[in-house]
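Listed after this line are the structures, all set down as structure tokens.
Two complexes follow with chain A in common, the first pairing it with chain B and the second with chain C.
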Partner chain A sequence: MSARVGHIASNTFREAVRDRVLYNLIAFALLMSGAAILVGQISIGIERLVVVNLGLTAVSLFGVVIAIFIGIGLVSKEIEKRTLYTVLSRPVQRWEFIVGKFVGLAGTLAVNTFFMAIGVFVALLYVSHGLQAADGWILVALYFIVLQFLIITALALLFSSFSTPLFSALFAFCLFVIGSFADDLRGFAAMAQGAAGWLATGAAYLVPNFSSFNVISSVAHQQPVAAQLILSNTVYALVYVGMAISGAVLVFERRNLK
Partner chain B sequence: MKPSRATTVTAGLLLVTCLVASLFTLRHIDRLRAGTSMQEVLYISSPKALKRLSLGYTGLLADIYWTRAVQYFGGQHHAGAQQYPLLAPLLEITTALDPHLTVAYEFGANFLAPRPPNGAGMPQRAVQLAEYGIRSNPSDWHLYYNLGFIYYMELKDYRGAADAFARGAQVPNAHPFLRIMAAQMAQHGGELAMARLLWATTYQSTGEDKVRANAAAHLRALQVDDDITNLEKLISVYREKTGHLPSGFADLQAAGMLRAVPVDPLGNPYQLMSGGRIEVRDPDDLPFIEKGTPLGYVAPRPKFLPSD
Partner chain C sequence: MAAIEILGLEKTYHVGFWRKKPKCALRPLHLNVEKGEIFGFLGPNGAGKTTTLKLLMGLVFPSGGTARILGMAINDPRMKAQIGFLPEQPYFYDYLTAVELLEYYAQISGVPAKQRRSKVDEVLNRVGLPDVGRLQLRKFSKGMLQRVGIAQAILHEPAVLFLDEPMSGLDPIGRREVRDLMEQLKQEGRTIFFSTHILADAESLCDRVAIIHLGELRGVGAVADLTSSVEGKVEIVWQGSIAPAAIKSLAIECHVTRDTGRAVAPEASQDRVIDILRREQLHLISVTPVRASLEDYFVRQVKPSQTAAGVTT
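Right after this comes the complex of A and B.
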């Protein structure tokens, strides 16, 4: 079982590399080096902050775009090219295909994030002339960003299992935006009364809460992240990914591929 | 030439031509829209709305707004503007997006508070900004110091300054000078020595090169003002004794009132002008001086020394 998932995952990774997904690293490198050199000349006192804020925001946004646009094509492209039938004609379960695709894209994003993280630390080293122990919290912010990617990839895969690529991208992007407003949504739900209140609360808890994953601003100020938040976010991301992947498997299992 | 090669060459030439043309067109558009780019900032003037639109990436947006505030202040300052209507909103947006961006309070208050042309002449807005900074970062003693500084330098409110320094002195790991300044302020509010103490503390405690350079320039200016006050007193005494003004510092030396020709903090000799006035040799190199400038002198933008 795990070998088959592993093969599908490694093929997904290879396909992403072949699709030049990792070329975004060049844009990222240019962005970081440009920011590191230029900001000191056009602003005051925020060279280090800009490198961390811009670096982590870019890691996050680049990854979200990759997760959505590659994620939505994971299933539909295989159907369109008819390669899915070749795969499923072998002793491969449909759920293994879905899980393998997810692991492959998650791996691609993790590798991408790893290289971007190196870029962030190199730029930080350049502007700060050294690293401090508190800069280690940047790693936590990067970890949260990866957790965010896992959720978005799982959602893109879920939508991709029953919808067209265009609508899948739209749904995934909307959920990313709504999830970023999760705290506000919960606030609105708390103010609503009766059935509307129940519905709003339900919606507020159903959409992914991306706002709790965003600690970029606080780590930029070298503020620590609570261990409890790290644990809670990890559990939340795993549970949410499990929910979305299960949904994708359920839909894909029942989908008529003829 | 093969058709494919001809296409490549044509397309290449067209690309370069269009690129150059677009640059020229853009420059023309920039000239047409001169001064309008910053107006766009206020299309969304609500920090809350901007915070929501940032999708949680508030840190980066705050950095962008801080850079715009710096650019706006620098641009207006360079143009010799007397008004800075967008400065306070830009700083308020910046600090609302990232309340921990202490550099925006430190510099922002110093942009807002001084009278034009050195600043926006809005000391009350500077106080509001500093108070907001203190509420958001109550354990940062620099912010209390900045607040006291504005009260002292711009508002001449010595009680307010003493209160701000006293509050700052309560903060753990606060600079020990805060306690001293709080006590001294009540006693010696408007004295030159107090101003010197404040600028000297700024010079020693800041981690920012530009703040240090500004403090050094102010310390030099205070020194010049002090020197000239003392020299004018000497001239007055000389006049009382002899019944006429000295024709040069040599007269004062001959009378035993001076040991040598006095020099300013840059090492240049002061000049004794007709009418007994004292002037510095190059006032442009001594920004912020209130005495010793030629009649009708208009100060340029302050310039700091590389050694600062």
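Right after this comes the complex of A and C.
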């Protein structure tokens, strides 16, 4: 991959970190500290369960909000503020710009998740006075959350390559919500008949299947995650991201930057 | 080989939400810019100057025609490594410092790692920003951002520079400095293609200019050629605090400022005006033929269509 992708990615990372993400980390640290103290005082026997559930859900929601709101601005903000003009007038291909932006934001989200995960583990340590071997599955849940972020970022980037920031945010958020119920949608598709069945099946397989990425509840109960699920989710996320980024590149390669 | 060859480049946008209507932003444009010249691309607001620059930079795609820069196609990365571009009213990544921004541009322009820092320092000095390299760009004034914009355009020592309204947002001293910088860049052998609607800048800097209006090329040539036509009038200046009534009746314009009188009269009346000055014992300072200014030429090219379009001045 070209060195320019790396330069664009590192610039995206630096800009994102200085722009908004630090505020999110402060908010998250405060939330987790407050929750841990509160949970420690009001829960009896299930502190660990509550902290893991609350912590991982918060990591997921904070990350999704960042992925959508920074993701939709990656291209549209650059066009609107004309920062893109001085980049694309250099020996930078349009696909390099899109891929660099994606890698930069993915890196931002990964680092962000790393720090939020530290917050979760510190809160867990505070309420349960130690870690157990089964807590290692929390890392798998966090890995799945990062995979979800990658899919959301790629979709936000795809939408922002042809739509306005508002519509891009709306589309990406709707897909996140629908994708979280993808298993239910597939169940409905299996029951539906005729044209409705075809449509529901198509929609069910088109939207990202976030249901299979949600293992928060099971890891909170210290249940293991199957290796097969880890592998299938990894492959699914990579293929989905690849397709969304390819779509974004195809649209962006033809776009007039007015 | 010309530095820039524009071969029938044209652009039509389709505007509207439902029934899209074609809107012609640039009619087929044919233009050559030679190596080492400063070429001014003039036109009123909305004339098609920025569209032309965007087409040349590959930011929008032409509806027809093509262009070659340094003999290469406009989407050729090898060509893009040899050009610099300053967009109109540039805006950069707010949270980066000037040094970080320029290092980033140096990276993606392919400047070797060992040279980047020295190039950045050198170019910041050159645009008059030696002490603010560590300041985030969101704290920069409009004029400072314009200078950073020029710095990023010349950072990688391009052979051809495209500058869209380079004097915009600058105070008189800043404008003078940018003009001097452009002269220096020309001395270094670089080709400069710049758009402006400030005619004084073009007149003082350009070897040649083109005038574009409503997306159509209206004229092109050396500034001296375009402005050399003598208008059949002379400007007569004398020392004295009065303007004799006889001169006023002969002159097209006549006024006195403190102890200097000035009249513009038809060439045929020149001798009679001089006789009157002698009779009144006023000291003649100069008699100069009045030549058309670039502004006169510009107005002549632009005005007919403005009148046709119902624009009043």
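By our rule, the second predicted complex is superposed on the first by the 256 of 258 C-alpha atoms of A that agree within 3 Å, B and C clash if a C-alpha of one lies under 4 Å from a C-alpha of the other, contacts with A are read in each partner's own complex, and residues count from 1 in each chain.
Everything below uses one rule, namely that contacts are C-beta pairs under 8 Å (C-beta built on N, C-alpha and C of every residue); 3 or more make two chains touch, one makes a residue touch a chain.
Since the model is a prediction, treat every value here as computed from it, not as a measurement.
In the three-chain model built by superposing on chain A, chain B fits alongside chain C with no clash. Residue contacts after overlaying the shared chain place A:V50 against chain B, while chain C stays out of touching range. Residue contacts after overlaying the shared chain place A:L257 against chain C, while chain B stays out of touching range. Look at A:L30: by the touch rule set out above, it reaches neither chain B nor chain C.
Once chain A of one complex is fitted onto chain A of the other, the partner contacts of A:L88 are limited to chain C, with no touch recorded for chain B. Once the two complexes are laid over each other on the shared chain, residue contacts for A:R18 go to chain C alone; chain B is not touched. Contacts of A:A196 after superposition on the shared chain: neither chain B nor chain C is touched.
After overlaying the two complexes on the shared chain, residue contacts for A:S60 are found with chain B alone; chain C is out of touch. In the superposed model, A:H7 makes contact with chain C only, not with chain B. Between chain B and chain C, the minimal CA-CA distance in the chain A superposition rounds to 21 Å. Every residue of chain C that touches chain A in the complex is listed here, in rising order: 13, 54, 57-61, 77-78, 80-81, 83-87, 89-96, 100, 104-105, 107-110, 149, 152-153, 162.
Residues 52, 55-60, 62-63, 66-67, 70-71, 98, 100-101, 103, 106-107, 208, 210 of chain B are the ones that touch chain A when the two sit in their complex. Within the complex formed with chain B, the chain A residues making contact are 39, 42-46, 49-50, 52-54, 57, 60-61, 177, 180-181, 184, 210-211, 214, 216-218, 220-221, 223.
Across the complex, chain A meets chain C through its residues 3-4, 7-8, 11, 14-15, 18-19, 81-93, 254, 256-258.
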